[in-house]
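Note that the chains are named A, B and C in the order they appear, and that numbering of residues resets to 1 at the start of each chain.
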Amino acid sequence: MPPRGRASRKGHRMSAVAAAGPADAGVPGGTPSDLVLEARDLTLRFGGVTSLDGVSLRQRRGEILAVIGPNGAGKTSLFNCFTGAYRPQQGSVTFWRTSRRPARIVGRSPHAITHLGIARTFQNIRLFPALSALENVQIGTEVRQRYGSLSAVLGLPGARRQERAGVSRAFELLDLVGLSRRAHDLASSLSHGEQRRLEIARALGTGPRLLLLDEPAAGTNPAEKRALEALIRRIAGGGVSVLLIEHDMRLVMSVATTVVVLNFGRVIAHGTPAQVQRDPAVVEAYLGVETGVDAGGEVR
Amino acid sequence: MLTPARLRQLWVCLALGVLAAVVTGPGGDSAHPFRALRRSVVDPRIGIFIGLAVGLWVLLIAVARLRPLLAEVTAAARARRPVAAALGGPHATTGLNAVLLAAAIVAPLLVSTAAQQSMVNDIGIYALLALGLNVVVGYAGLLDLGYIAFFAIGAYVTAYFSSSSAMPWHAPFVINPFFVFPIALLIAALAGVILGAPTLRLRGDYLAIVTLGFGEIIQLLANNSDEVTNGSRGVFGVPHLSVDLPGIHYRWGIDPLPYYYLLLGIVVVVMIAFGRLERSRIGRAWAAIREDEIAAEATGVPTLRMKLLAFAIGASVSGFAGVLLATKQFFNPQSFSLQSSFLVVAIVIFGGMGSRLGAVTGAVVLQGLAFYLRDKVPPTDRYIYFGAVIVVMMIFRPQGLVPSRRRRREIELAGTTAGASDQLGAAPIGRTIT
Amino acid sequence: MGFADQFWQLTVDGLMVGSLYAVIALGYTLVYGVLQLINFAHSEVFMLGAFGGLFAARGLLPGGATPSGPASVGLVAAGLAVGAACGAAAAFILERVAYRPLRRRSAPRLAYLISAIGASLFAVNLAGKEFGRQNVPVPDLFTNGTLFHVFGAQVSTQTVVVLGAAVVMLVLLDRLVARTRLGQGIRAVAQDADTAVLMGVNVERVIILTFVIGGLLAGAGGFLYAMTFNASYNMGFVPGVKAFTAAVLGGIGNVRGAMLGGILLGLVESYGGYVFQASYKDVIAFLVLVGILMVRPSGLLGVRLGRAA
């Protein structure tokens, strides 16, 4: 455990950053917000384990926000709270699909949140292994389609048109992540790196405004990491905000606009990559005392 | 060489042989509990079974010896056709379907009337039931053990609406059974939703138990409410199906043949319909739920609603089949016993979960065998074999006789992937999601 | 006579039935604890145990008059022992045949469920074939009569025997899970099988023993049930579903929960059967099941075997 005093001091600084933001955040129908996501005071406990302890953070539209922290810091738990997989005991999460339409996230089911426009990938890849790559992405692209079982059975023109649209969108996305040649292969037959990219394509298929990536570079080779970096930039350039958990510091430093550092379920630092890198609290969290974070190394 | 492992295998084979001797041997009664056992074991017949057991053992050894060779051959064959091509060309499939359909059309003309009756009552109706349950078990991965209850609902609804004398309880008006089809379908689907909505949220094995109880209760109610359903005496005299349209007047009668062709038509239509469903976004959503429910939710699949949909579709097919049963003039609560539910499950498992052709094949083979052995095996004893078929299939060929492509791949991958989770394996309470 | 007059009698009867449900429910709960599976064929283990116990008692019964004194005690004990042994053997074989091959293949849950149903179907109907499909006559092992009164309710020898034996079994099992090494193993596997392996617990052994313990209880319980009610090849189904309800009511996977659930269900059924109609007793149990699943699926005492044992 880090000394309590330090953690709360940093927590305080975090709220100072928050106070500088627009005051209308979270008020439905207020002036447009430039935020896409805001978490306030999230606390999540499992029996005796507190995996999130009063976490607050904000992400601006179009921003690539990275969440870093040592193993067990609570990063994945945070994602699970944002996507409805876990329900925090305390705190709120607000998501703006468009700048004027805030929605409360806590208490909604995961699929409803996906429909609102938050999509995710999993740290331990969770594809549909016995379906083809194309079908995996199709399931994503089809969730917003409207045709029901009866039109499917009758083969009504509307259903067919939507189905074709879903397929061609899925192909576009496979192309985007560089998997179009493997469209008809089983998801389970893809390499680790390809599976990670397929997960991203599937998530993008659901038409998100915010994409949560949980360690997308884990277990990939350097060439794949470079491609991933470009991919994340393209996604963000296309108007989808990206929230990224990553242990690979080089990737984080080069791609993220803002970095939030978690340790023991608390935000211990927040700022630009450069600021965070110099922060002694961050250094301590990662390395005990030692020198700065080596921007090249994978800190685990 | 007789390694200990081989010897153990021999013992297992012999035990199976003796078990087979007991199962096929004479029956007994509780006054002399071990007489039947003794008679089936201490009997010259046992020689045959021991011989078979030893033969099986030798076969197993031979297969084990040849396995490396076999593996090479199959690997070579697999390498030649990648997954995408493995479906067999569309022409091959169409051709096969045409041959099967032709066989189904000709078959009843070659057999006795008794066999025709069985082809309607035992095979046709059960094929339809199995197709419906296949949506629930095969597509959505849910186990519905009270499936036959919806069959009962369909039958009693038909009696209620289409006859004023079949049951004490009847509608103030009488309608042609043909118009009862949609009504029964809707009521059965509604019953499915009412039963499923609260239970589908829970783990899948709870659903199995709740549906089991539901099936029992429906039968209990049908049996005990004499003043409503005629109780155990059953329902007699629902009119046969008939078409009365300008220009077309046709009445199905006691002759099984017209019923057979009607059923065949319905089965073919249902197979086509469910094939389309399977290949649509709905079928893909079901596959997603089966493979990884958490990932499916995260991808925006409304899992609860999709499961409910499968459940309702299955129920409505069962209700639909119930109408057909009712118009065959007579039924009683015995037709809706728990065992019948298990029989439908056995058919689906045997044929292959998720496989439409499998469901029909399962009905043809299992029910056909039952008919063929009707003089040798008492009807109640059939369930010993059905039970054994279920266990054996689950152990040795979980994908079934005519596997569906998706299911087979899922089973092949089950041992190797981390995320393989069946609907019933939905995250136990407090399971970490990463 | 009103409900109030009958209250104590119904309570005594309910306690007796409930203690039997509790004994059977433990089998569901233990297996659920270690495998997270509902052992569908447990009701057949119960039935086979009952048959074994009955046949043994009948075989030992000296023809003629109903025995008394030490002879009765000996016969009941023999029936219980043989019933338990048969139940254990059935559960062991069941695990070997219907579960283990699937575990080797890491099959999906649905497969276990289906395989267990197949095994159950097989066992019921084979028993029906071997021993006939009529009720099995149950010998009188002691003279049944009113022993004493509690609040005006008659307590028969039958009740004392059943309740006594059941309570002894419940206490023994509770001790076993809470105190012994095996119990520790069971709790460890229930909490987290993967970690248990790392801690040196032999998971396969624990699983087999769990089945066997469940079988012992179900077999002995089956014998008691048969003496009280009746015995037939399909006697397992109804008490099986009810015991399962009891397990869910108490919190499936929770040993004391199963005991509590069994007793409560027995009482509810006893009162309910009087207030409504005896033939709808089974419906009451089912409604309890659906109700509890909707309102509190984790049961009264919560789900975890590991924590709440």
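Here, a residue touches a chain if its C-beta (ideal position, glycine included) is under 8 Å from a C-beta of that chain, and two chains touch if they have at least 3 such contacts.
Small disclaimer: the values here were computed from a predicted structure and weren't measured.
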| item | value |
| --- | --- |
| Greatest separation from subunit C - chain, by CA centre | A |
| Most central chain, judged by mean C-alpha position against the global CA mean | B |
| Whole-Å gap between the CA centroids of subunit A and subunit B | 43 |
| Distance from the mean Cα position of subunit C to that of subunit A, given in whole angstrom | 49 |
| Chain centre separation (subunit B, subunit C; CA means) in Å | 30 |
| Multi-chain contact sites of subunit B, meaning residues that touch two or more partners | 410, 420 |
| Footprint of subunit B on subunit C - complex, ascending | 36-38, 40, 51, 55, 97-98, 101-102, 105-111, 113-115, 117-126, 128-134, 136-137, 237, 241, 244, 248, 279, 282-283, 286, 289-290, 293-294, 297-298, 303 |
| Interfacial residue positions of subunit A with respect to subunit B in the complex | 46, 76, 80, 83-86, 109-112, 114-115, 119-120, 122-132, 135, 138-140, 142-145, 147-149, 152-153, 155, 159, 162-163, 166, 184-186, 188-189, 202-203, 205-206, 214 |
| Complex contacts: residues of subunit B adjacent to subunit A | 82-84, 273-274, 276-277, 280-282, 284-285, 287-288, 291-292, 294-303, 309, 313, 406, 409-410, 412-413, 416-420, 430, 433-434 |
| Touching residues on subunit B, where the partner in the complex is subunit C | 22-23, 27-31, 33, 36-37, 137, 141, 143, 145, 198-199, 202, 204-206, 208-210, 212-214, 216-217, 220, 224, 338-339, 342, 345-346, 349, 380-381, 383-384, 386-391, 393-395, 398, 410-411, 414-415, 420-425, 428-429 |
